[in-house]
Amino acid sequence: MSDIAPIRFRSATEETPLARWALIGIAFAGLAVLVFAPLIAVFAEALVQGAWAAVKSLGNRDALSAIKLTLIITAIAVPLNAAFGIAAAWFITKFDFRGKAFLITLIDLPFSVSPVVAGLCIVLMFGSNSLLGGWLVAQGYHIVFALPGIVLATMFVTFPFVARELIPVMIEQGRAEEEAALTLGASGWRTFWTVTIPNIRWALLYGVLLCNARAMGEFGAVAVVSGKIRGQTATMPITIEMLYNEYLSVAAFSMAAVLALLALVTLLLKTLLEIRHADQLSAQRRH
Amino acid sequence: MGRPLIHRSPMPGLGLSMGVTLTMLSLVVLLPIGALLWKGASFGLCNIWDTVNRERVWAALFLSFRLSFFAALFNLVFGVMLAWVLVRYRFPGRRILDAAVDLPFALPTAVAGIALTALYAPNGVFGSLAKELGWKIAYSQWGIFIALVFVGLPFVTRTVQPVIEEIEREVEEASATLGATRLYTLRRVILPMLAPAAMTGFALSLARAVGEYGSVIFIAGNIPLVTEIAPLLIVIQLEEFNYDAAASIGIAMLLISFALLLVINLIQVWSRRRIGYV
Amino acid sequence: MHIQIDEISKQFGTTAALTPVSLSIPSGALVALLGPSGSGKTTLLRILGGLEFPSSGRVRFDGQDATNLTVQQRRAGFVFQSYALFRHMTVFDNIAYGLTARPRASRPQKAEIARRVTKLLELIQLPDIGGRFPSQLSGGQRQRVALARALAIEPRMLLLDEPFGALDAKVRKELRQGLRDIHDETGLTTIFVTHDQDEAMELADLVVVMSMGRIEQIGKPADIRARPATAFVREFIGA
């Protein structure tokens, strides 16, 4: 009789459908509570008195000044870090030297240092009671509690982003194409612009995207060095804190919503890059 | 003849790329960290110890480390499971789920902080539910735990995902042909293969959580000895212009970070030696 | 064990990997499934091992229907082309795996497992490598460890997918004889997949030539060489 039993199809390397759907369910539920709920909360709290109240709260002078300051900081810090990332990736992947692993560890260092400690470091180096800081203040240059300090703090916490994206991609691509260009008589810069940059542009964009998102949103390091002077050194995240502590909930969440939108755009672009240009991103990003 | 410091190479741009790399690294990262260590050195080891060895500082360091450990542990379990679901299963909404994992990286910590507080405060959506059950989340250690879970969420998933992708089907099939049940295969074959990557993700998540500030201070309540985290203590000392005390606590935290970094590197070296991959 | 394959077919989507094939393999035989890539030989082997399920048809072991047996129930010693050794386990733990994976009731004692592993290491003539990890072995050693691991479960048959495919020519010759010896010693019904006609002809008692999901000819090596049944066989053997 067993001869007419239907043939089963479940493969040896799959979980039972029950286990599979249970795991998928837990994944959805977990992310719904941990990630989606806070995201929705930002917009819900911003719109609690209607869209007009939210927009109006962004229109006052202090809010506009915070947005402007954040844009200025990002416009300085991100290109500088991108330039560093390209230089570091070139140095690390195109040359062989002793201490390479150590150098990479040093570049990654800011990821494992608390942002508050990062800010503290900058205060101790450039603060008016330090040797260097005291001298600079005497010359009329203010670093801490001023724009340069905030830029430095932002650069510190976002320092590794671009280099980390570029190094694995450039290792995978090897040196052959650049060597070919050189044997064909191209100059160093020409090789860089016509061979290297086209190969790494999507990975570069990916790194810049992550760097930018973190730079606009950095809080801990900036909180320490900014001095939180309204209208002068208060960035968007700092302004969110000040408004929140003054119980101006709608204003705080409206500004938070602007940053949340930016985060969503970042994720969207990042996902598009992963789908469209997977072959030109590091292996970690292809999924 | 020892190995040369830099091998000769036909590649152009050695001087420029090395110059930019080392200059910027020194200016932005190394010199500021050096300034912290210098401050500590001039303050003196004994004085640092006296500053750190106070009940309030120990309480804050211990709290930060303990809650970060539990949050990273939660992320280890949930993150491995999430990575498995995202790599192995196909279902509607997978792309969105995959992108959502990165939201804690992309969302500014201050935004996350006030959003979590709004949810878990006694009058918030989840907070009022918990209140019914007599459970206080925001302004207690539970709130800190949730904020730390949020910021550390992506690390384990993102380190484990590529490893799952590279597991050969045949290894799992081999286990099945040898009579192992699916659960046994998972426990004895798959999880051990994921262990090095998962431990790396765990350590990264832990390192991030120990230093986290923005998302925690709103939800924590910041009561000394109870819900006051170590980074906040630094900020408080700085606001009182007590630079020596701030530097002392900063150095203690820096040491914890370096220890974690060392652990991560040792895991990778050990894993590469033993099984030939990370 | 006698293996009977009745009208087995396999569809992957719209492409047919196996058009209905039938085959009877006598107990204790050493059989080669020979054919170019895409001929369906690996699919047939995986169906026997329980790693794939046929779209239609039956498989019988000693006359009993085995079509719906799970991989675990089949007790087929399977050697993969890549060997699929567990890289995080020592050679000893790899070989012991099938025994330690058994439910507690039927699991041998620790000492008994150690005794059996030691015996298998001697059988594959590598008595001293129990403590090493797969990454520390040569290709030929890995293949023999994979064989020992498959034998540890006291399989009812031995199935090998391109067992010599990843080895260089010299090692390949040596290991052919090794497989023959192990087959003769254990008396297991052994089926291996190969695209190398020399290997099939030299090693097997019975050769099954396959092409495009069909069996072209079944016979002793000498018969196939003397009387190729189809143009395909003549060309494939002649090459």
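Think of it as A, B and C in the order they're written, each chain with its own count starting at 1.
Just so it is clear, contacts are C-beta pairs under 8 Å (C-beta built on N, C-alpha and C of every residue); 3 or more make two chains touch, one makes a residue touch a chain.
None of the values given here were measured: they were computed from a predicted structure.
When chain centres are defined as mean Cα coordinates, C lies farthest from subunit B.
A comparison of the A-B and B-C interfaces places the larger number of contacting C-beta pairs at A-B.
Located most centrally within the structure is B, per distance between chain CA means and the overall CA mean. Subunit C has its Cα centroid 52 Å from the Cα centroid of subunit A.
Inter-chain spacing, taken between the CA centroids of subunit A and subunit B, is 15 Å. Centre-to-centre separation of subunit B and subunit C, using mean CA positions: 47 Å. Of all residues in subunit A, those that touch two or more other chains are 12.
In subunit C, 50-51, 71 are the positions where the chain touches two or more neighbouring chains simultaneously. Across the assembly, subunit B contributes residues 173, 176-177 that each touch 2 or more other chains. Every residue of subunit B that touches subunit A in the complex is listed here, in rising order: 3, 5-7, 9-14, 16-18, 20-21, 24-25, 28-36, 38-39, 78, 81-82, 84-87, 89, 91, 93, 95, 97-112, 114-116, 118-119, 124-126, 149-150, 153, 158, 161-162, 165, 169, 172-173, 176-177, 182, 204, 207-208, 210-214, 218, 231-232, 234-235, 238, 243, 246-247, 250, 253-254, 257-258, 260-261, 265. Of all residues in subunit A, those touching subunit B in their complex are 12-16, 20, 23-24, 26-28, 30-31, 33-39, 41-42, 45, 80, 83-84, 87-88, 90-92, 94-98, 103, 105-118, 120-125, 127, 129-130, 152, 155-156, 159, 175, 178-179, 182, 187-189, 191-192, 210, 213-214, 216-220, 223-224, 236-238, 240-241, 244, 252-253, 256, 259-260, 263-264, 266-268, 270-271, 283-284, 286-287. Note for the complex: subunit C touches subunit A at residues 50-56, 58, 65, 67-68, 70-71. Those residues of subunit A that touch subunit C in the complex are listed here as 2-3, 5, 7-12. The part of subunit C that touches subunit B in the complex is made up of residues 49-51, 71-72, 74-78, 80-82, 84-89, 97-98, 101-102, 133, 135, 149-150, 152-153.
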